[in-house]
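For reference, chains read A, B, C and D in written order, and residue numbers begin at 1 within each chain.
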Amino acid sequence: MARGQACTALTGTLAGAYERIRARTVALAKPLSAEDMQVQSMPEASPTKWHLAHTTWFFQTFVLDRFAPGVAPFASEWSALFNSYYESVGPRHPRAARGVISRPGADEVISCRHAVDDAVLSLLSTASARLEELAGVVVLGLEHEQQHQELLLTDIQHALSLNPTEPAYRAPAPRPLRRAPPLRFVEQPGGLVEIGHPDSGFAFDNERPRHRVYLEPFAVGSRSVTCGEYAAFIEDGGYRRPELWLSDGWAEQKEHDRAAPLYWAKRGGGWHTFTAEGMCPVDPDVPVSSVSFYEADAYARWAGARLPTEAEWECVAAGVTVEGNLLDDDVAACTLSPRAATGERLSQLFGDVWEWTASAYLPYPGFRPLDGALGEYNGKFMSGQMVLRGGSCFTPRDHVRASYRNFFPPSARWQMSGIRLAMSERR
Amino acid sequence: MARGQACTALTGTLAGAYERIRARTVALAKPLSAEDMQVQSMPEASPTKWHLAHTTWFFQTFVLDRFAPGVAPFASEWSALFNSYYESVGPRHPRAARGVISRPGADEVISCRHAVDDAVLSLLSTASARLEELAGVVVLGLEHEQQHQELLLTDIQHALSLNPTEPAYRAPAPRPLRRAPPLRFVEQPGGLVEIGHPDSGFAFDNERPRHRVYLEPFAVGSRSVTCGEYAAFIEDGGYRRPELWLSDGWAEQKEHDRAAPLYWAKRGGGWHTFTAEGMCPVDPDVPVSSVSFYEADAYARWAGARLPTEAEWECVAAGVTVEGNLLDDDVAACTLSPRAATGERLSQLFGDVWEWTASAYLPYPGFRPLDGALGEYNGKFMSGQMVLRGGSCFTPRDHVRASYRNFFPPSARWQMSGIRLAMSERR
Amino acid sequence: MARGQACTALTGTLAGAYERIRARTVALAKPLSAEDMQVQSMPEASPTKWHLAHTTWFFQTFVLDRFAPGVAPFASEWSALFNSYYESVGPRHPRAARGVISRPGADEVISCRHAVDDAVLSLLSTASARLEELAGVVVLGLEHEQQHQELLLTDIQHALSLNPTEPAYRAPAPRPLRRAPPLRFVEQPGGLVEIGHPDSGFAFDNERPRHRVYLEPFAVGSRSVTCGEYAAFIEDGGYRRPELWLSDGWAEQKEHDRAAPLYWAKRGGGWHTFTAEGMCPVDPDVPVSSVSFYEADAYARWAGARLPTEAEWECVAAGVTVEGNLLDDDVAACTLSPRAATGERLSQLFGDVWEWTASAYLPYPGFRPLDGALGEYNGKFMSGQMVLRGGSCFTPRDHVRASYRNFFPPSARWQMSGIRLAMSERR
Amino acid sequence: MARGQACTALTGTLAGAYERIRARTVALAKPLSAEDMQVQSMPEASPTKWHLAHTTWFFQTFVLDRFAPGVAPFASEWSALFNSYYESVGPRHPRAARGVISRPGADEVISCRHAVDDAVLSLLSTASARLEELAGVVVLGLEHEQQHQELLLTDIQHALSLNPTEPAYRAPAPRPLRRAPPLRFVEQPGGLVEIGHPDSGFAFDNERPRHRVYLEPFAVGSRSVTCGEYAAFIEDGGYRRPELWLSDGWAEQKEHDRAAPLYWAKRGGGWHTFTAEGMCPVDPDVPVSSVSFYEADAYARWAGARLPTEAEWECVAAGVTVEGNLLDDDVAACTLSPRAATGERLSQLFGDVWEWTASAYLPYPGFRPLDGALGEYNGKFMSGQMVLRGGSCFTPRDHVRASYRNFFPPSARWQMSGIRLAMSERR
């Protein structure tokens, strides 16, 4: 096949992916009113409208400005409003004040999305030079878009949760009742293993380079910790026993008077939790979610175990197919679902909840950030955060992989963040 | 005239006022999008939508719940959302978190307004018992509504001002260029005077009882201080000279690095200011606005004068007709306008800007708050605030009067707050 | 008598007062260790050593530097350390960081006091020109010294109270058990009265000028509110009833979870309080102390009364001799003492506790601060504070008078601050 | 040799070490006044007196209470005052309020030290049972004591630095002028190495277990980064270039307006720095100190390098003798000293400054904290901190070793913390 044809094929596929992924972001915002899309519930979260605009700004800034100079459907005076954190691109509106930007409105932002999409698609269909470079940035933009799809959902869930009328993002979907299988520990030999993205396919810079790591033998829990198990920890006084907690976690929990995962509340004697479907009774068989690293770590200590390191996690997940309760195209699966009691050795590595690891988010040996402004994408956050692995029910299936490193501060609780246990020795 | 007829007349007039005043609030929100109406720019300010809903909650709670039990177009689950500060009425959503309440949306809130309006008007046309009591509460509700009309405008102006794209609330209106007349000091004899609301017409509880106050002779500035005069204070190093400032004001100004009124910014060498019409060059002949009590006080000291006490102010304003640049029905006058160089002894007492006084907001001798929950309306705020007098370009003309006491913390700057000078002795 | 002789007499008397008052400050610090004198327990309080040094700095700066240039026993490099708030005198060490200044040590500071004292006394005995001006500043310095004597005691009491071992400032003194007489309300005619310092004797600038005030008839409580009465307010749920509180007071109390005066704690079922003599059972017959303005105001509302204005207070106290439980020379009376059930119409106006008034601390009509840096002494604090009257058991008897205006923020609780009731009408 | 004799020998040696190490702490406090010893300059630092008392509390609590019940020279009511962070031992005085504890005074604390020392020495000379367990805890107590010796010095340096009179901890000692040799990068093969404490000698629990780590080839700087080199980074705009900084570091630096290491200030055009000997000109040839992890990381990026991981550091240091500019017995070496231009491949690994590593402080694989309350010593701090290696001029020589893990939050700057560079590939 001639190079020209290969390129056409590449950009054809890419254009398809572009249309599909960009459209899903708008679809995710569909159930929301203009007011919903405006709300910023805390400095760490962003308005839906901001996500819609920022992802579009990304394509304007890193694709159109570079590869189609002068084509600027995204107004330049909006640039500072929707630049997230790229210091080298120009000034930025303060993160905590995103919720005050009422103009442009959601309609204007969505129109602008379409205009930028037309421009990018037109570029993809006509570009002849620097095609690989262009494709690389477009792919990065789409992976970026998918990250914001998840954030859009966790952020709006947080915003709605603060409304005492407990509005739901969507109507409840029927879900089969299933029991979680008993938790077992699956032994792993460890040894000198390789982690990091293994091939030339897309990966973020922080997943590279692939490198060797020596692991002592360990065992890993066969599934995520369930709400029922976590409730037993609460019942056993887990939040009142300092010996179970890291010092920072204990201090934070005392300061904020915490006694359960973020969205949990007692109603009529039983635990309920706020979800995309509104307030529901806690299902003891689904994975526990919305816990901080500190809570995950304390739970593990209480359970006589520990959290896995990210190298252990990746070593275990490396051969496993990416399947599970992830965000699929019809936006059906954005709450937790109990898994069947299968005979699988290991389940739920992907989907349902991101799993906190015992690893701080740090550069891999030989890490090199991307060149230019895109180098700010990941590297500069390698301080004060912990790694999570595996994706959640809010993660698009084709976005996650075994080497994927998600990261949040140890106190963060508004993500779909849960717990998988590990142990250094056999029980 | 029989009592029945008098009542009908009363409620007829009242119904007219009700319709007119309630409609104006909605009209003021007309230029705003759903997103604009959602924004809360700081804890002290509220979203437009909240103003629309809270004023309606007021009529539900204090009129319908009392005089038409069971008639509840205002959903009870919204009650906590839109209760401002009435501890005795029930729980309240935290003030600083009003901006996260995306549902009900503006459309629903406005529908609900109409339903409550229908119910109140129906009540007014049919009520036969407790008519005076009903009329009293409805009048209070309308005065309350008018206060929120002004707050709606100052709050949205603040919200829009934080948007780097500098959106305007409305298109600029042509305004004649006028020169401010020279400032003179008009002498007043003082002596034993009476202040407080003089008759049985409507007044807030904090304006009563009328009582005697002894005033030493004083002089009062013939008009408000202008932007040009204030710019000279800045130019003269006013913000860098601690001897001009109260200690609290100096500390606050240093902490926040202040050097001009709230909305002022230097553009190309000249002062500009953010207004309802967007960013405009400062007109040196209009009254200075958006200054704190501390700034007003420092300016007065710099000018070799002082601020008037509220008793002095009221004594001067008592005989003056309420006219000036106030908010009229077509929403035309909500920016400052320069006054003609008239031969008036005293101008601008009413309208343009509220004038900071040297008086702390405290109870008058013999003050009695209203009974029940409405007693929380004014009395409990009599601590830590300063009195302002006279109304602004955002104040409805039929809302203000000589005895009217507005009050804000000394650091507040987002109101249309300006300066009138006074002196204890002749110059 | 020739002018020369008059001057000698004046400075002779003044020198005596100087020696006596300056010595008492050192005597008050006598029971304290070097460590005690170093502690700053909160930004609002100062170390004992700082009080010893600052009062000396005052004489260096305002007396020696002016009247004996070149005589500088107080090292110039210490000047910034011990300047309290005089912006026009030069730079200042931050108030909240006074506790980190370990050098100079207490010994050096006291040596320096003696050297400055020698220099001032020598100046007093030899000065011939500007004698009245000199005497004026020395008198101001001594009044200033006496203010710091009280602060030294309230500040060290606060510091010791934070030590879980509950150390005492001094050994308990035997005190007769007495019963408080029943509280009566004494009617006052009001009318056009004069307040402010009446003659040419020493007074702070904030007590002047004397001026007319019109008072409606009122009644004033015959004595201070007692601990027993205040305990009944607590018992009656006073701290849990928002309708009794100013909005700011309610917010502050909720935030800090307050339920009793500052130093009170329940021990074995009964109230105890921390005093200069350590932790003691609360005596129900002594005046309640260490309450904020908010608490005083809430108590008054609960009791169906209100606080007096400062004009009412002064009008009542004008003819009363300054006597009561004040700080006398042998440092014996620095705790509260129950007063005998005398037949007095009004008791405890002076001594025991400062009484919160309903008046904000504002300038009197025609107020003029002192010239130069000393103008910063009082005037610049006329914002955000409330007036207290009457002196406490920590106040030197010859320091207080009917026109004396003490002032603190409404939330302050570490002073000997108590409650006297008033009413606008007869009961 | 019989077991009894071995024990006697062990306890004899231990008693000698005990006397020597305990005496040194007191000797380090010798130059300080009672006031100096009282000061707490920030929540993270402690008063000298607190260090003297806390280390003594440690021996009372973990040695005497366990092995000599009833022997309690350390008053039980002081226990809460001087418990640092052991939740399981009982209540604790808040860390940030250590500076308010004026009683007991320094004299009493030192007397108490002697009494506890007598009791411990007597126990050591008479104990027959549980001797190994006793010796283990005493050794831990002495290592703990040595950690507090360093903290005592860094804390008092910080406290004195806040005094505008710039008092010195001690008189300047003459120091030879030496030039730093050129910085070279020394290549290391990496591979599968072992780190962690290698034998049964004393080590903290966090240094164990020894375990395998795979290292890619790397190179390490031949010496610490010097003040001269760091000044060049400043000169080159290092503090104004966001691309050099981690996001958290950039935010912190902007917030606090940082532009140089903690103690540096420009004087007359040149950099000076506050040291134990007071304010001195910066010597360009001594190691830079008092930088945060963020500053170290930014410097490394500017220099085209990175920080070493702790495994790399330990791998390099494993075979190196512990010598350098450390705290020796005559308390002479507690400032930085320039090293001679020797022919050493690698110098300054130990002493002068702790070196920030790129490693977060996390548990080693298989980490087990000590049993009981002493398990709180290290493990619960394994969150939010970075590892430093190598010891400083304030570290006792017999306290540090290649496997020693010091840890501080990335923003901490008041330790003797400096920079060693590393690189992943050859230059």
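As a working rule, a contact is a pair of C-beta atoms (placed from the backbone, for glycine too) under 8 Å apart; a residue touches a chain by one contact, two chains touch by 3 or more.
All of these numbers come straight from a predicted model, not from anything done at the bench.
Using the contact definition given at the top, which chains are in touch with both chain A and chain D?
Both chain A and chain D are touched by no common chain, going by the contact rule given at the top.
Farthest chain from chain D, going by mean C-alpha coordinates, please.
So the chain farthest away from chain D turns out to be B.
Approximately how many whole Å separate the CA-defined centres of chain A and chain B?
Measuring from centre to centre gives 46 Å for this pair.
Averaged over CA atoms, how far is the centre of chain B from the centre of chain D? Could you give it in whole Å?
Chain centroid spacing, chain B to chain D, equals 60 Å.
By the touch rule stated above, which residues of chain C touch at least two different other chains?
Within chain C, no residue contacts more than one other chain.
So which chains actually touch one another? I want all the pairs, not just one.
The complete list of chain pairs in contact reads A-B, A-D, B-C, C-D.
Note which residues of chain C are touching chain B in the complex, please.
85, 87-88, 192, 211-216, 218, 242-243, 245-250, 293-294, 297, 306, 309, 358-360, 362-363, 365-366, 375-376, 380-384, 410, 424-425
Quick one: in the complex, what on chain C touches chain D?
Going by the criterion above, the answer is residues 33-41, 49, 77-78, 80-81, 93, 97, 99-103, 105-106, 159-160, 162-165, 167.
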